[in-house]
């Protein structure tokens, strides 16, 4: 089980800033994105442009996720 | 007759910050450079890299000089 | 300390930036300052809020500063991003570089602000005069 | 006032620069600050003096600022050059640009400082720790 943090518009549409996800042992970053869409259909339109971060670094779709990892959904940023 | 202002190393080697030059009626910027070298042989090595300004704008070698013009010898600059 | 990065809820202090860029061997400094604009396209902006994934934003800023000092022969880097509520005209971000020669200071600074706008998890929520609000996305 | 240029015998005041770059429609500012370095090649610099052909320097700065605002869609330009005696670490020149988008602010600022170093009649006389001194020339 991992905790996934949500930010900005994803957080607003999901109505929460963090959720717990049950993921299989061989889960990868792309599985987080799918699980979020399943749980929060309203967020679906945002996910294609969102990136997944694992332990505070951007992950590729096939980066494995391990128990205890800090996972986050990063919608397009607008700092600066 | 025009007044020619001298700056920086040219001023130091000439020992003065301004001189008066008698120039022919059809004088051009290049004639100022030659007149300076004639008057101050020590300055000769600096003149190939110096520019002539007429009325506070850089002049070409063949820019004509008229009575009352503000003329200056501009050695390589080092501002900034 | 070669580089100094900071995510802060407080107004950015220019003298703190200067202090971190101070270096007697550097002849030039280039600074980019991002300021809250009064409009977005045709809508009047009253204020905005920056939200951050603060822990990751700090790590990303450190990584950007490290890339800058590795890629260019520069001597000091300072990057500060403010979050929370800002008004029009207030400074949201500063990227500062000190180096011997100006070419690399310009290049490194430009790289730095581009990377901040692309890769640092900070989000801008704009509030408009017509009562609406919107999450922005950088074009980069 | 779109552009503000100044040759001064006094210390450069950063708040004056900021005031002249202030513009609610500009989202970004790029500043170049030239600072007196502690050495020139292997010689230790104690201080330097800038001499200017002040009237022409002012005209050239105005022309450079005019070229910047004509060539790039920028909204504010400030260029200040200090002359007289300066110590290591003191600011000799600032070129500041405010604009909607950062690409043109970087380009215009870079153009501005390059043009200042090439075309403004100001000369630097460096004084070294070994008692010697020398008129410098910019490489550009």
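Order of writing sets the chain letters: A, B, C and D. Residues in each chain are counted from 1.
Quick note on the criterion: a contact is a pair of C-beta atoms (placed from the backbone, for glycine too) under 8 Å apart; a residue touches a chain by one contact, two chains touch by 3 or more.
Nothing here was measured: the structure is a model prediction, and the numbers come from that model.
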- Fewest touching-chain hops separating subunit A from subunit D: 2
- Go ahead and note the Å separation of the Cα centroids belonging to subunit B and subunit C. 48
- Any idea how many Å lie between the Cα centroids of subunit B and subunit D? 25
- Message: As a quick test, compute the distance in whole Å between the mean CA positions of subunit A and subunit B.
- Response: 71
- Per-residue overlap in subunit D, given as positions that touch at least 2 other chains: 34, 113
- Mind pulling the residue numbers of subunit B that touch at least two other chains? none
- Query: Every pair of chains that touch: which are they?
  - Reply: A-C, B-D, C-D
- Name, in rising order, each residue of subunit B that touches subunit D in their complex. 5, 7-9, 12, 49, 53, 56-58, 70, 72, 74-80
- Query: In the complex formed with subunit B, which residues of subunit D make contact?
  - Reply: 34, 50-53, 55-57, 59-60, 81, 92-93, 113, 116-125, 135-138
- Item | subunit D-facing residues of subunit C, complex | 14, 22, 24-39, 88-89, 98, 100, 102, 105-106, 109-110, 113
